[in-house]
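Common to both upcoming complexes is chain A, partnered first by chain B, then by chain C.
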Partner chain A sequence: MILSLASLSKTFGTTKAVDDVSLTIPEGEFLTIVGPSGSGKSTLVRLLAGLETPSGGDLFLREARITDTPANKRPTAMVFQSLALFDHRSVGQNIEFAMKMKGVPALARRARAMELLQLVRLPAEYYSRSVTQCSGGERQRVALARAFASDPEILFFDEPLSAIDYRLRKTLEVELKELHQRTGRTFVYITHSLEEAMVMSDRIAIMQDGRIIQTGTPAQIYGAPANRFVASFMGEVNILTVENKGDGQAAFVEIGQPIAKPGGAYAMVRPEALAQGAGDISAQLTVTQRLMLGSRTQVHLSSETGAILISEIPGTAPDLLIGSTHSFSFATQDIAWMET
Partner chain B sequence: MDGDMNTRSTPGRWFAAPVAVFMMLCFAAPILIVTWYSLMPSRTFGLTGDLTLENYRSAFTDGYGRPLMWSLMGAATTTVVTAILAWPTAVILHRYAGKWASVTSALIALPIFISESVRLFGMSVFLMPRGGILAGTLNAVFGIQIGSIMNTWAAAQFGMIYIHLPFMLFPLLLGISLIPADRIEAARDLGANRWQSFREIELPLAAPGLMIGALLTFVLCLGANAEAAILGGRAVTVITAAIEQRFNYAQDWPMGAALTVIVIAVTALIVLPVLSRLDLNKLTGR
Partner chain C sequence: MQGRHTGALRALWIVAILAFLYIPIISVLLASMANTRYMRFPHKVWTLDAYREAIASFTTWQIHSISFWIAFFVVIFAVILGTLGAVAFARFDWRGRSLFQRLLVLPIFFPQPVLGLALLLSLNAVGLSPSWKTAILAHLVWIVPIVTLIISIRFFGYDPTQEEAARDLGANNWQVIREVTLPALWPGIFSGGLFAFLLSWSNLPLSIYTSGPDTPLPVWLFTRTATNYSPLVPSVAVIGTLISACLVISFALIVLAIRGLQRRRA
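Up next is the complex of A and B:
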């Protein structure tokens, strides 16, 4: 374990930004902490980087207690949401900053900066360019190179891609993942986008109201969300409520269909699992809206009780016209059960 | 049609005209007259005498170098000391004072609205020996007898720092506010200690504010007279006092004019290089 968090807490006034978080991060892992804004994820990473002092709990770097170690003495580096580039310095000077602070001679600094420019795929002539002349994507790369220059054991990322347009973000996500694989360093990444987390991470920790409510691989979290918050956080999913009627009888409230052996109080059904035709659980649903998503079509479906369900069908689904009623179903094996 | 277009595209010229006329009459004209006077024969009052550099020769040989050095040294010392005092004050006001920042700033700014002479006489009452507020209180309450720095070079220097601190503080406050907090955090995160973060990040980023504060303080101190007169008791003669004496008591206008031109030239030599490097757009946040 490279980093261990033991009941880490941070209180601002009366609000608990980080509430009793315990977590261990193995060496070389790409861990992503996901949560909505205000969930405390930024505060958590600032605690890890040493930019905030915890109100309680402890932090260990390979068994050594670093709870009170200031940021400049921790072998970690952070890529900030704002990137926090030094605009009054050149690209090269930005990258060399950490080495200069350590007293590395100018020639050695320059050689290492050149290597790092190559690592983040920036041309060598960017070395003497002003950071204010760089584009958004180039600035990302400079920030990345600057963090790597301190030769950190752990890299922290505080939503660095949140202000970048979609295409560039996708490119940088892949590059970041490759960089992680090539360098073998431990990455702790913060984002509000579960989609981004799914693409890059070895493991995901989901945060809500200062607490970590679920950790697992992307597949584990996708397949078995811990509760409705995690399920809905993953995007558009159908969440059905089970109503127990006594005598071992139960039914889905939204569609009025009986369910013999419910595995929990709530059932998550993905839009792609709700398909036309017969199946384990079926219902007559009326199309209220249809949206073309490129390779597939999303339809909004109204049940007899008035609940809206979402289905995604490959292709253009020409027969699912607004106002028409069809038989839809899903298999019990496609249900992810949740208690809360 | 063409002419119409031209006047429409350059309305700035007309808007600038009132200020331009004012500057010509009240800034350029007096400088020209003073410069012309400085080339007139000593102790004459006309502008039609033969041109001569005799006044400048006397300026460098007749012991005016000392007052000029006093003024330059005093201005430089004041600039450095006020900067050292104002930096932590500005940092505290900007980062930690919160809602108290505006109240504190107002209290610091308040004395500017009171006449400089009144404040200096107040300070002289405070510093006076024996019955003065400082010496008297120490004697009465603690039984400690102290002397006084009144009527010395130190008192004049103290007065200059006291009077000019706000002129350094407020531009510097603006400069400090230009340092984004995350840049300091990034520097710390990358291994910079407090001093390195100050030298590499905070100082360069706050430089525009610091420069403006330094220029204001330096130029105002170079022209300062009252501190040396009221607190220094003419223990030192500053260059402005020397100029005043030439114009008043000595009735030697050309000599006074020559000294004035030298002060203007020295000021320009120091100020213009700094001013040319200053990016005012940075300060106004554009």
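Up next is the complex of A and C:
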């Protein structure tokens, strides 16, 4: 375990930004902390980097307690949301900053900066360029090289890709993942996008109201969300409520269909699992909207109770016209059960 | 056709503006080369006698030296107070900040003669006799707000996360200030210092009330124009302008040289 969080807390006034978070991070892991804005994920990573002092709990790097170690004494580096590049310095001077603070001689600094430029795939002539002349993607790479230059044991990323357009973001996500594989360093990444987390991470921790409510591999989180919050965070999914009618009888409120052995209070059914035709649990649903998604078609379906369900069907689904009623169903094995 | 007209109009406009700005300055130069108390142009006799007299006179040296030392200390204090003020003004958010911002700029809107009178009265009240030292104080009351504003401008568009990034990369408090905050503020500090010097060097209304028996250049120019005019007055004015220009240029050169050295070292 490279980093252990033991009941870490941070309060601002009366608000608990980070509330009793315990977590262990194995060496070399790519951990992503996901949460909506205000969930405390930024505060949490600032606590880990030493930019905030915790109100309670402890933090251990390997076996050493670093709770009170200031940021400049921790062997960690952060890539900030704003990138926080030093605008009055060149690309080279930005990258060399940490080495300069350590007193590394100029020649050695320069040689290492050249290696780092190569690592982040920037041409060597960028060394003397001003950071203000760099494009958005180039600035990202400079920030990355600057963080690597301090030779950190852990790298923190505070939503560095949030202000970048879709295509470049996709490219940088893949590059970041490759960089993680090549360098073998521990990455702790913060984002509000579960999709981004799924692409890059070994493990995901989901945060809500200052607490970590679920941790697991992307597949675990995808397959078995801990509660409705996690399920809805994954985008458009159907969440059905189980109503117990006594003497072992139960039914889904939204579609009025009985369910023999409910595994929890709520059921998550993915749009692709809700298909036309007969199946374990079926219902008559009326199409209220259809959206072309390229390789598949998304239809919004209204049940007799007025609840809206979402289904995604491969192809163009020409028969699912708005206003028409069809039989839809899903298999019990496609249900992910949740208690809350 | 239209292009040629606009071109001619533009040229006329530029000439008019330049004439408006520079004819008064040129007249001082011309007046300094006369040998009579009354300006009749062109002069019957062109002479540099006034300059010879000015350079030979102890008073010329004295008024410049007084003005220089006042301006020198005003620059030092205004830059220090202005930088600290700008940090409080723009960098940090605290209770009462907006009140501080308003109170700080208030002296700029005071008519300077009123401010001068107010300062003289307060100096009397606390029992300080006016001299070049009290003139420094008076200049500061008016100049510090201006310098603070000039330096504050640098903080807008400044990302304070840079300081956190520096700390995260191993810089201690002093290194953060030296490597990140000051370099970002430096253009503001430079222009603030320059303004402080020029505003102090040319200040009449505050000095007239508060410099007591020590006479700085503008006060001497004013009193000699009012009571005992001779071509000596414009010649001293020209000398004073040249000296301030030399000081400003050498200041800029020193700064450039320091920067060059730093860059070569980096």
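The rule is simple: the second predicted complex is superposed on the first by the 340 of 340 C-alpha atoms of A that agree within 3 Å, B and C clash if a C-alpha of one lies under 4 Å from a C-alpha of the other, contacts with A are read in each partner's own complex, and residues count from 1 in each chain.
Definition applied: a contact is a pair of C-beta atoms (placed from the backbone, for glycine too) under 8 Å apart; a residue touches a chain by one contact, two chains touch by 3 or more.
Small disclaimer: the values here were computed from a predicted structure and weren't measured.
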| item | value |
| --- | --- |
| Room on chain A for both chain B and chain C (clash or fit) | clash |
| Touched partner set for A:49, first chain B, second chain C, both or neither | both |
| Which of chain B and chain C A:62 touches, first, second, both or neither | neither |
| Touched partner set for A:121, first chain B, second chain C, both or neither | neither |
| First (chain B), second (chain C), both or neither touched by A:71 | both |
| Contacts of A:102 with chain B and chain C, given as first, second, both or neither | both |
| Set intersection of chain A contacts, chain C complex versus chain B complex | 49-51, 70-72, 76-78, 80, 82, 84, 86, 88, 97-98, 100-102, 146-147, 149-150 |
| Complex contact set, residues of chain C against chain A | 159, 161-162, 164-172, 175, 179-180, 183-184, 186, 266 |
| Interface residues, chain A side, partner chain C - complex | 49-51, 70-72, 76-78, 80-82, 84-89, 93, 97-98, 100-102, 106, 146-147, 149-150 |
| Complex contact set, residues of chain B against chain A | 180, 182-183, 185-193, 196, 200-201, 204-205 |
| For the chain A and chain B complex, residues of the former touching the latter | 49-51, 70-73, 76-78, 80, 82, 84, 86, 88, 97-98, 100-102, 146-147, 149-150 |
